[in-house]
Each structure stands twice: as structure tokens, then as C-alpha cells.
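Two complexes follow with chain A in common, the first pairing it with chain B and the second with chain C.
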Partner chain A sequence: MRFYEYESKALFRRHGMPLGKSGLARSADDARRIAGEIGGPVVLKSQVLSGGRMKAGAVRFADHPGEAAAHYDAIVPIVVNGQKCRAVLVEERSGVAQEYFAAITWDGRRKCPVLVFSDMGGIDVEEVAEKHPEHVSKTHFSSLLPVTPRIAKQAISATGVSGDALNRLTPIVFELMRIFLAYDLTLAEINPLARLSDGRFLVLDGHIDLEAEARGKHRKLLDELGIQPAETRQAREATPFEIAGAEVNAKDHRGVAGNVVEFDGNLGLVIGAGGGSLTLFDAVRKHGGRPANYCEIGGNPSVNKAKELTKLILSKPGVEKIAVMMNVVSNTRVDIVARGVIKGCIEAGKKPADVIAVFRIPGAWEGEGFKILRKYGVDYCDRSVSMYEAAGRAVAKMKA
Partner chain B sequence: MPGMFIDVRVEDEVASDEKLARKLVEVCPVNIFAVDGSRLRIVEENLDECVLCDLCVQAAPPGTVTIVKLYES
Partner chain C sequence: MSILVDEKTTFLVQGITGREAVNLTRECLDYGSKIVGGVTPGRAGRDVYGVPVYDCVRDVVKHHGPVQGSVIAVPPGFTRDAAFEAIENGIRLIVVVTENIPRQEVAQMVELATLRGARIIGPNCLGLITPGECKMGGIGGPAANTRQAYTRGPVAIMSRSGGMTTEIASTLTAAGLGQSTAVSIGGDAIIGTTYAELMPLFEADPETKAIAIYSEPGGRMEAELAEWVVAHESRLPIVAFMAGRFMDEMKGMRFGHAGTIVEGKEDTTAAKIERMEKAGISVAERIEEIPKLIQKRLAEKR
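Right, the complex of A and B next:
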């Protein structure tokens, strides 16, 4: 769950991070007043849940309050990557001598947080890592053991930063690590973290993502930041197809058959099981397939739920076939999913053998499931065919 | 009318026995049985939800409740 910049900074401020003078404007008059209170050049930044603001013209500079008010009116209508402006952050404009980058995210492979630091901030860190790897450090640390400033200091010094800058940066980066752990974040980023020409260090921009499942745990914080329980903060509004998918899932408490995300391809996906959805989606793309959707099934959904999800996917314009694929299942039953999918095809007016490109769900009750699939002439495979191979079979059928 | 995959056949001696009928309602995890008045009724829209647990078969006298896998025929 992504925070707006002003919310990220509100959280940083609570933790004593160095921030410039600022205010949130919801009208041109607000912008004029805040700029007047700051008393000098200001920067106005559209509050959207997206990058690319500068390129879109949604970040502007003003030298006096009147100009700030005019820029407010110009910024508000600008849609950045599909995101409408919620408000405009008016901040003091600082003379920057050097920019740094600091971020903590979760490393799924190492199963622990990783601190990424660079002394070349303000630009895309991936680009820096590619062209100037010596200017980026990656430091893993435990989410269980107490964190210490030493970890931050080592990460910063690994990029060649020393002396006064190292001493000034360390407590800021250390606090960012503490914030990451304290609020169950998936990303805590400062970019840029600037050394100003007057010697001060300031957080100029911040980006926070909260683990969506931790929203309940941190409800008090979210309330204090003004984030409503109904705000999902997705990258874009849900489409009618996705809303229909959520309705399918909500109708029955048994299992999951939902989390549908719409794409523009022609191969419908009924996928899931222990991370299988992401793996299978990627495998389809790797084989050159064009998924029509992402979804997740698991936890042994009812026949009706699997049926309704199948019907929904088949109803999507452009969908020619579906691939029904999962990791090896244990609590989800192959025969139950097979019944639901076949029933869904038939109720959608399609012949299962024609429309199911591949059925690859090995595991619990697979013998019973395979009997059903044989009866309807569906091409199925067991665990001797990998998820990657099954995805390849489905894509090959789309190209045939 | 049976389901697409599953049919459940219940002998009349069980269907007309209110006590047994209520027992079947109690044991079925997917609500295939209901009682109308004092008589057992099969909830047809739930037939395909049958998880083949056999609890209904065990709750009734031997041979009076039969689960039919229509995909085997």
C-alpha cells in the first residue's frame, strides 16, 4: 500500500528526519499562503501515487507566492500515469550540493531486508547500479535481531562516503531502517537525500509502501495520517472485469478464486498454488504468450467458485483459450477444480476440450480429477510436466 | 435432476424417516440435503459440490444412500 509523498514525510517527521519547511495545498490560495509562510523560492509537487511527475510537468518552481498560486492551478489538472492529483505539496526550494539515495526493501531470495545506498541519488538507482556499480552498496540485515547504526554506516561507507558526510548520513539511514521494521513496510525510500549548499542534510523526497496485510495492525498510524480504511491505493482503479472477479471470490468463503488482474492478451489463466500464479504468469510470458489476466486460486475453492471464475475469464473479449495450471496442490483438490472449470466452460457455451489449452494441476485427488478430464477430452498433465513446460504447451496451442 | 458430475440416490425408507433425514443434513459438509416438513430433499444445485467424504453413506443404513460419480459412466 503506497503512501503519498506528504504522508511518507509525515511519518519521517515523527521520527525526527530532517525535512524542509512545507505545507499541503488543496487550493491556489493555500499554495499562495504556504509559499508566503516559507518566505523564499518554493517547489510545488503534485501528490500522485506514481513516478514521472517532473516529466509530466507536475513539479514546478516558484519564486514568489503569486507564482506558486498560478502553478497550483496548472499542476492540479495534470494526470500522471493515470493518477489524478490529490493535493500539491509546497516546499522550500533548497540549493543542493550533492544527492544520495537510501532505500530498504525486502529481499525475497535472502529472506531478509536489504539496505541499498548510493552516493549518486536523484536519478534512477537501477541505472546507477548498471553504469556505476561502485557507487551502490547492498547490505542485508536481520529483521529479528536488533538493528544498529553500524549497519547503516558500513553501507554508506561502502560507496566511498567518509568524514562529516558519513557521520551526518548515518543516523538518517539508521532511522529509515527502524521505520522499515517498525511499520512492516515493503519499501522505505529517500531519493534524494540531499546535502545542501549550506551544509544541511535534508530528505527531499520519500516513498513508502506498507505491506497490505499489515493495514489492520497499523490502523492507528493510518488514521493519524488520514488514510481511510477503504483506500486500497492500487496503481490504478479496478476495471469492471477485476471487480467482477472480486465478487466471485466474495460470494463463497471456501478457498480463493479471485485476485483477478486484467491484461490485454488472448490466453485466459486459471492459475495458483503457493506462488504458482506468479511463476506461471511469468512462464507464459517467457514462452511468448499473451495473458488475458492474472488470478489466484487456492485453498480449495468450491466447484461453484471455480466455475464462476472460469466463466468470467471466458467472457472477456479476446480470450480464445484458457490454461488451468497450478503448482502441486495439497489442500486444494484437483477433482473439485476440474469440475468447476469444466462446468464453467460448458455454461459459457464452450466445449472444454476446445477451450482448455492445458490442465496441469497435480496433487490431492488427481486420479479422480484426471478421470473427469478424460471424460471431457481435456488435455491434462501430471507433475512429470513442469509448470514451465505446461505454460509452453498452452502458448504453443495458441500459436497453432 | 442430477448434477453434472455427481448424483446422490437415497432410498425412500431413509428419505421419509425424519430422524435419518436430519442426520444427513447434519453430516453433509456441502449442504446437499435439506428437510422439507419431515421429508428429505436433495438440493440439486449443490450436488456437484460433493467432496466424496461418504459421511452420508455412513450415517444411513447400508445400501440406502449411494453416491454416483457420473463421470465414470
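Right, the complex of A and C next:
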């Protein structure tokens, strides 16, 4: 879950990181006032959950408060990579002598955190690593043993930085490592970390990603930063259909029936589980089908949950039929899903036999499940029909 | 032969009185697995289908001698400590079923396991099975369903999806190809044991003649496997199925498992398929192609 820059900086500030004077503007008047309070030249930066702000014109420089107010109005409407501007950060503008890069992330192969440091900050670190590998260091460290400043020192020193700069940078980078571990982050980045012409070191921009699984654990921090529990912070904002799917899933704790993602097709998908959903979604598309949604069921959801999910998908404009498909199930009961889906069709005012294009869920309690499906005249198949073939059968019905 | 578990394997279940754990215990016992004890703090003295419950892993080990494995099915907030407890009491094979554990905690579990010579399978997995000998975890579901899907034979399975492990086994079984050991390795960004880390075990297992793999977007696990196969000149033909091809154009969106997200080019199915094929791994377009691709590869070797 990505933080806005102002939220990242609020977290940095709590940990004593060196930051320039700044304020968050939610109106042109705010921008004018904050620029006046800072005094001197300022930079205005769109608060948006995307990189590429500078290129999009969403970062601008102002020499006086009037100019800051004008820039505010220019920045707010700019959409960067599909992400809208939430507010504008007005910050003191400083003369930069050198820029550094520091980031910590997880290395899934080594299964530990890795600190990436470069004395060529401000630009794309991957590019620097390619063209000037001696200016980028990658330092893995333990998530179990004590984390101490020597790790940061070694990482910085490995790029050739010495003298006063090494001693000034070490505590900042070390603190970034501590923040990374303290809040279950998946990314803690400072870029650039600047040495100013007046000799100070400042964090100019920061990027924080907190692991979705750890949101509950760090609720207090998120509350203090004003991050609402409902904010998904996905690559694109959740649609009302997707929010409704999450609500269905949250209704009771038994199993999963939700995680819906909206697409614009006519075939509703009631599919599962994690891997099965990916496989089936591909299969529908391979057959030329147009899915109305992605979703996941699994872990033996209740009849009610399967019913509500079915109703939600059937209520989506443009959905003509649904395909109910899973891999051979182990811990989900076929009869419970069958019962829920049929109830959902009936409550949505549809005939199960008409609206269910195909039902392919083999596995635990399939005998009971198939009995129910026969009773309602639903077209079903067992494991002798592959997932791919079942998807094909559903798509063929859409074309008929 | 097989890998990791066989008819002699004994294990315990941590969190045994929880709803899912009770089901899992029943299924494993019905299948013939040797569950010697369970742990739920404060519930010592009870039993679950005849399996005695203790407060601590220490007590299970004390009363039932050395125990090889543990299945951990406790809520996410307690999982790391449960794994630490198992490791520090000499358990060497730990299956973590629990989902939604922050990766820092997973990394810590894995690091301690490595320091102590233990192995973690998962988290977010259904465990593993050596058909006819031992089912350790929810893999395959109830015993009757498990026997229907899994039969004994020459093909190993490694899968990032628990459900798809059984789908593949069922497809292999229908084609007359049994399985040596099937491992649901888990769907998280950091897991205890990757494909490449299982390879030396399968390589050394005379019963295993080929491997089927289920794979997804996200992470570097397939690249790691491809490198291993080339570097060690593996004797085992591998057939992989790659799901989630539609995700290649949907950068930053998470689907299915926690580790399933395309952040960079390396995460895409296209890049993974290319790397695997370069390493001599056959990539199937559909699950039902796996048996014939394996048969073809086995015939080529003869």
C-alpha cells in the first residue's frame, strides 16, 4: 500500500529525518500562505500515487507566493498515469550540490531485505546500475539479527563515498533501515537524498510502501497519518462494483467469496480459487470470451456468501450469463457453492438453468452438488472435462 | 522413494483445535498419516480425533519422542512464534498453512529455520503428499477425494497454488501417470522452499522421473529454477503450466495470491516462459497438455 509523499515525509519526520520546511496545500490560498510562511523560492509537488510527476508537469517552481497560488491551480487537474492529485506539497527550494539514492526492499530469492545505495541519485537507479555499476551498491542484511549502522556505512562506502559525507549519510540511511523493519514496509526509498550547497543533508523526496497484510498491525500509525481503512491504494482506484465485492467477502469470516475486479464483458465469472481463477480467466479469454469480472472463491465460503457474490455479479449491467468454475476442490464443498449460486440466481430473479452457462467444480462433496444442479437443470461437468474445455463451453453459449 | 515425507513420517499440528485444523487433522488421519500430537495453548489434556493436545511443542516432543514435522495452522498474528517454537524444539519440516503473514515475519521464520537446519514449506500453502504414504496438510482434501486425485508414480509436482496441485495430480492420474511427491509451495512473495530449493531433493529421488510445475506472474522463482536446471544439468524433464497470462498488461494489480503481481518486465508470464523454455523446460498452454508433454519428454530420453 503506497503512501503519498507527504505521508512518507510525516513518517520520516517522526523518526527525526532531516526535511525541508513544507506544508500541504488543498487550495490556491493555502499554497500562497504556505509559500509566504516559508519565504523565498518554493517547489510545488502534486501529491499523487505515481512516479513521473516532473515529466507530467505536476512539479513546478515558484519564486513568490502569487506564483505558488497560480501553480497550484495548474497542478491540481493533472492526472499522472491515471492517478489523480490529492493535494499539493509546497516545500522550501534548496540549492543542491549532490544527490544520493537510498532504498530498502525485499529480495524474494535471498529472502531478506536489501539496501540499495547510490551516490548518483535523482535519476533512475536501474539505469545508473547499468551504466555506472561502481556507483550502486546492493547490501543484503538479516531481518532476524540486530540491525546496526555499520550495514549502512558499508553500503554507502561501497560507492566510494568517504569523509564528512559518509558520516553524515550513515545515520540517515540507518534510520531508513529501521523504519523499513519497524512498519513491515515493502519499500522505503529516499530519492533524492541531497547534500545542499550550504552543507546540509536533506531528504527531498520519499516513497513508502506498507505491506497490505500488515495494515491491521500498524493501524495506529495509519490512523495518525489519516489513512482510512477503506483506501485500497491499488494501481487503480476500486470501482463501486469492486467495493461491493469486498463487502460481500467481509460479511462473514468463512472462506473467500469476493476479490472481484471489474472488466467490461458480458460473461460473469464465479471462479476460484487463487490459481484456478487465473487459469480460468486466461481460458475464457483464449476462447474469445469477454469476462465481466475476475473473482475468487475458496476456503469453503458459506452458502450466503456464494449467494451474495452471485447476485452481485448478475446485477452488473451487461452480464448475460455466469460461468461457475473451479479447479478440483479440496477444502471447498461443491454442494455448498452449488446451493449458494442457485439461490443467488433465484433471488436475482433468474432461472439457474438459463443464466448459468456452465458449472465445473469437481472435488469434495461433488455427488451432493451435482444432485442439486440436476434438480435445477443446470449444465454441469465433472473433472473429465478440463478447466479449459469448460471455459470453452461457457463461451460457446455466449455466442449462440 | 519420495521426498520429505513417507510412511514413517510423524508430525504434530499447531493450532489443532481451530476449525480448519480440526478438518485437516481428520483428513490426514483418515489418509493414514501419523499425527502424534497437537498444540493449542491452554487446551492441554483434550484430544482431537484421538490426537492428544498439549500446551507446548516441547510437551509433544517429550511424550512422543522425536517428531519430524509440524503443520502450523494458527492465525497470522501468531504464526511466526509458532514456527520459532517448532524450530527450537527440533522440528525439521514445518508446513505453514496460514495466509496473510507479512513477509518480514516470513523472512524471519525462514532465516531461523536456515540457521537451525530446518525447512519451511509455505506459508499460504496446502502442504505436501507422498501418495499412499503420507499427506501432510489440507492437500487433496478429505481422504477419499485425495485418493481419487493422487496416485503413486513417477511424476513430482511443485505448485504455487494449492488447488492447482490437486487439479494437476487429477489430470496426471487420469492419464495413468502417478506422482512421487506433490508439494504445494505457497503463494506468497517470500516462501520457505522454492522450486529450485526442492530440485536437489527430486534430483536425488530415484522414483521421480519428471516434474510438473504450476506457475504464476510475480517474483523470480521461475528464473531461479531455470538457472538451477542449466547449472546442474538436471536429469529431470520439467513441464510447466503458466497461469495469469492476462496479467501481463495489468501492471501493479494483484490477483490471486499475495505474490502474484506484475511490477516489472521480469514478473510477466511472457518473460518467465521465455526463460524457462531457454532452460529446456516445456511450457504447456493448458493443464490437459501436461501428461502428453511429460510422456513425450520421457520417451525422448529413452
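Convention: the second predicted complex is superposed on the first by the 237 of 400 C-alpha atoms of A that agree within 3 Å, B and C clash if a C-alpha of one lies under 4 Å from a C-alpha of the other, contacts with A are read in each partner's own complex, and residues count from 1 in each chain.
By definition in this document, a residue touches a chain if its C-beta (ideal position, glycine included) is under 8 Å from a C-beta of that chain, and two chains touch if they have at least 3 such contacts.
Just so it is clear, the model here is predicted, and its values are computed rather than measured.
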Chain B versus chain C as contact partner of A:Asn331, first or second or both or neither: second
Partner chain(s) touched by A:Arg339 [first = chain B, second = chain C, both, neither]: first
Chain B versus chain C as contact partner of A:Val114, first or second or both or neither: neither
Which superposed partner A:Ala238 touches (first chain B, second chain C, both, neither): neither
Contacts of A:Ala273 with chain B and chain C, given as first, second, both or neither: second
When both partners are placed on the shared chain, which of chain B and chain C touches more of chain A: C
Intersection of chain A interface sets (partners chain B, chain C): none
Chain A residues within the chain C interface of the complex: 106, 108-109, 111-113, 142-144, 181, 184, 186, 211-214, 217, 234-236, 261, 272-279, 281-283, 285-286, 294, 296, 298, 326-331, 362-364, 383-384, 386-389
Contact set on chain A toward chain B in their complex: 302-304, 333, 335-336, 339, 342-343, 346, 368, 371-372, 375
In the complex with chain A, residue positions of chain B that touch it: 4-5, 30, 48-49, 51-52, 69, 71-72
Interfacial residue positions of chain C with respect to chain A in the complex: 20, 23, 76-77, 100-108, 110-112, 115, 126, 138-142, 145-146, 149, 159-164, 166-167, 170-171, 174, 187, 189-190, 194, 214, 216, 219-221, 224, 241, 243-247, 250-260, 285-288
